[in-house]
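Here come two complexes built around chain A, the first alongside chain B, the second alongside chain C.
Right after this comes the complex of A and B.
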């Protein structure tokens, strides 16, 4: 295992800059997830770590070693591809032992490593089969087994669960988490699925247009998004964003939204944003913070209902607030299927305010 | 008319058209075989029988042919030249096709264009320069000269055949191989080539067939009768005064047999399916 350092890395394809001076560190044994929308550069960054793409600037260090100019085989990494990339003409055992064969390991060592990985992933019964004889989940496991056999310094996962159905994805997610706990390995994992990111990561690197929008633990990104982009990207369903204005007058602060909606913030809360001064803001409210019951700091709202989405454990209410469609997550029993209006409470204690121009988080 | 009736009618029509097409393709081969078994009198009769006549059929044309002409020598020469041309062009096409498939650049596009240009030049245009070149190199009238000439004509098309097969092999396989410790050439050898085996088989079959039937280069570049190939030998059976058609057809049958054999044995590799299970699923 080893630490990984990404130092001011730049990547260009022709005139287009894909990665714009990205820097972060990954500690030994940490599972870091690169997340972001399509085209944000997360897969490119992973491929640069793997050595499958060259760097146009900066440095990548695995442990203390700069690996910029090393071939993939010399970087001591293993990669699990989105499409599995199993060798179709080789059995599962041959797929798993291929890297050791290339490294010149003798047959006894190869067999021992394959048996160890197979027992970790419950693949013992499948070693003689070919990839075409396996299910999607089994192929995924073989792809992971191929990586484990190498005992690399860093594991790289490129959207490994995106080809699996929903049920299998949840199962494999748990298996990857368990595997990480068991092996204590350094893992860089790319996904566009923020649920995967939230559930698996020690830390998340959220990328936007080739730059880092925020780095932090899943709870930090969810609870204190650094900007509007992260606020809208992390969380499912996404955070409700409403345009408004923060008015600060002495000790008091008021939020004005469209359609004459006006919330006076209690002194304890207004202290958070007083220093920002009066300005146009984007107000962020998570769906679970449009509550059916009052909270310590909350204001009641009576909203017209547009649609209900029952999820079983919760019901998503599509309603209208300050002229915008918002989503509220409420217990199923608290909403009537035929309801035209719904009485909710906006939990002011969990409001997020962002500068409307820069998108940066305001307050703490 | 119901949908199922319409589907049945379409299916019957397709089968009928395919049958006509098959008869048109196979009749000349049947007629060659039929003629090779008939005596000269029957071959030259005004209304030869379309159906096989076991009473009149014999292998005498084959016996005479083999006793009179060095057919086995021609056959051996053809086999050597075909094997050499097919292997050389398959080797060049594999490496070039892989490069064009995986390392796309402006230079590669330029090279691809030049290859295509080479393909459109007719053999008749190249045969004289080749004659002069090979005489200068001292390899005129040798198998090597025909192998090189054939390979030069076959390789451009074979390269694009191989490029298309390599394009179908997922790039992730090469990348996985590189991560697993392979150099680009090792990735090609250990991972990509086995997956592209049907493509290689098809390319070798194409190259072998094209080389086996070559008359132009062999006729021009091989001067000694002992070096002739089957097509040159068969052409020599057509006399100015008299042609023994049943012997000519017998030679034709012998010449076609290896081509059948190549396609018969390569057939399992010509159908795809090797990449099944490689990615997704």
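Right after this comes the complex of A and C.
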């Protein structure tokens, strides 16, 4: 196991800059997830760590060693590919021991390593099979086994669950988390699925257009998104965003939204944003903060209902607030199927305000 | 963990694949229409393939070396032609020469084809142009290629001997097509030149089925260059390579143009392959019956070889 340092890394493809000077550290044994929409550079960054792409600037260190110019095989990493990339003409055991074979390990050492990995992943019964004889989930597990056999300093996962069906994805997600806990390994994991990022990560690196939009624990990214991009990207369903204006007059602060909606902020809350002064803002409200019951700081609203989406545990209410479609997450029993309007409470204590121009988070 | 789905992914047949062929369940009228539409093609195939084959077998069983159809029809049935052909040491010598010719030309053409396929599988400028150009020898008629090689390998002023002389590899003129010990090597030159693009295209198609991330996984596992070829590329294209070799062997086995246009089977029988022998028996010795018998035997030999090969491949696929 080892730490990993990404230091001002740059990658260009022709005239296009894909990674624009990204820096962060990953501690020994940490599971860090690179997340972001398609084309944000997350897979490219992972492939640069693996040595499958060259760097156009900066440095990557595994442990204390700069690996910029090292061959993939010399970096002491193992990678699990989205397609698994199992060798179709080799058995499961041969697939798993291939790296050791290339490194010149003798048969006894290879067999022992394969047995150990197979027992961790319950693959003992499948060692003589070929990849084509396995299900998607089994192939996935073999790909992880192949990585474990190498006992690398850093594990790299490139969207490993995206080829699985929804049920299996949830199961494998739990297995990967369990595996990380058991092995205590350093893992860099790429996904575009923010639920996967939230559930697995020690820390999330949220990328946007080749730069870091925010880096932090899942709760930090969810609870205090640093900008509008993270606010809208993390969380499912996404945060409701409404254009508005923050008016600060002395101690008091008021939020003015479209259609004459005005919310006076209690003194304890207005203190949070007073220093920002009056300005145009984007108001962010998580669906669960449009509540059926009042909170400590809340304002009642009566909203026209457009549609209901019952999820079983919750019901998602599509309603209209200040001229915009918003989503509220409420207990199923609190809403009538035929309801035309719904009475909700906006939890002002959990409001997020962002600068309308820069998208940056305002207040604490 | 073990309670996973056991069924292999992708094993489920798609609806399109499972759908019956249109018309196979049609009414009688539809079937008649289908048969009517197929008739012209069936008639042409029958006239061009089945009838000559049947005629060949028929002539080979008649005791008349040369004659018109009515004479042949009146002649007695006999196995004498087969006895004559199988008892002739020349037949076995021809078979041996054919084998040498096939193995020699296929080995060189395959190596050349594989090398070019590996090169043009890489990304480089004007890649498409090269892929097209490399096919050209395949499109050139055999007789044209042979004439070109007769010039290239001409003893006194051919460019090949010129190069060999100036580089000091040989002293005097090498009589490629005239020397019995070199003639078979000489006819292999144009054969290789014409057949290697077939290997290039077949193997290039096979190479392109190998996913890129397989090589990436291999490079992380420590297999680059030769080891990647040995462990990833070759196992992935092996089956296609065997199919290409068999196809090529069938093609070269019945090859006629190169040898007939250059040596006519000589000198001294050095290039007398089965195909040349059939021609010479028929049109030099005017023994059409024996030539037909040799033709039938050749056909059976190729058919049995292909059948055995297909069976072997099917078993390999099941393994």
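In this text, the second predicted complex is superposed on the first by the 364 of 364 C-alpha atoms of A that agree within 3 Å, B and C clash if a C-alpha of one lies under 4 Å from a C-alpha of the other, contacts with A are read in each partner's own complex, and residues count from 1 in each chain.
In this section, a contact is a pair of C-beta atoms (placed from the backbone, for glycine too) under 8 Å apart; a residue touches a chain by one contact, two chains touch by 3 or more.
Remember, it's a predicted structure, so these values are computed and weren't measured experimentally.
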item	value
Chain A as common anchor, with chain B and chain C clashing or fitting	clash
First, second, both or neither for A:182, with chain B first and chain C second	neither
First, second, both or neither for A:103, with chain B first and chain C second	both
Which superposed partner A:77 touches (first chain B, second chain C, both, neither)	both
Which of chain B and chain C A:134 touches, first, second, both or neither	both
Chain B versus chain C as contact partner of A:89, first or second or both or neither	both
Touching partner for A:340 - first (chain B), second (chain C), both, neither	neither
First (chain B), second (chain C), both or neither touched by A:52	both
Chain A positions touched by chain B in one structure and by chain C in the second	50-52, 71-73, 77-79, 81-83, 85, 87-89, 98-99, 102-103, 132-136, 139, 146, 150
Of chain A, residues touching chain C in the complex	50-52, 71-73, 77-79, 81-83, 85, 87-89, 98-99, 102-103, 121-122, 125, 132-139, 141, 146, 150, 168, 175
Chain A contact footprint on chain B (complex, rising order)	170, 172-173, 175-183, 186, 190-191, 194-195, 197, 274-281
Partner chain A, residues of chain C touching it in the complex	1-2, 4-9, 211, 213-214, 216-224, 227, 231-232, 235-236
Chain A residues touching chain B - in the complex, by the definition given at the top	50-52, 71-73, 77-79, 81-89, 98-99, 102-103, 130-136, 139, 146, 150, 163
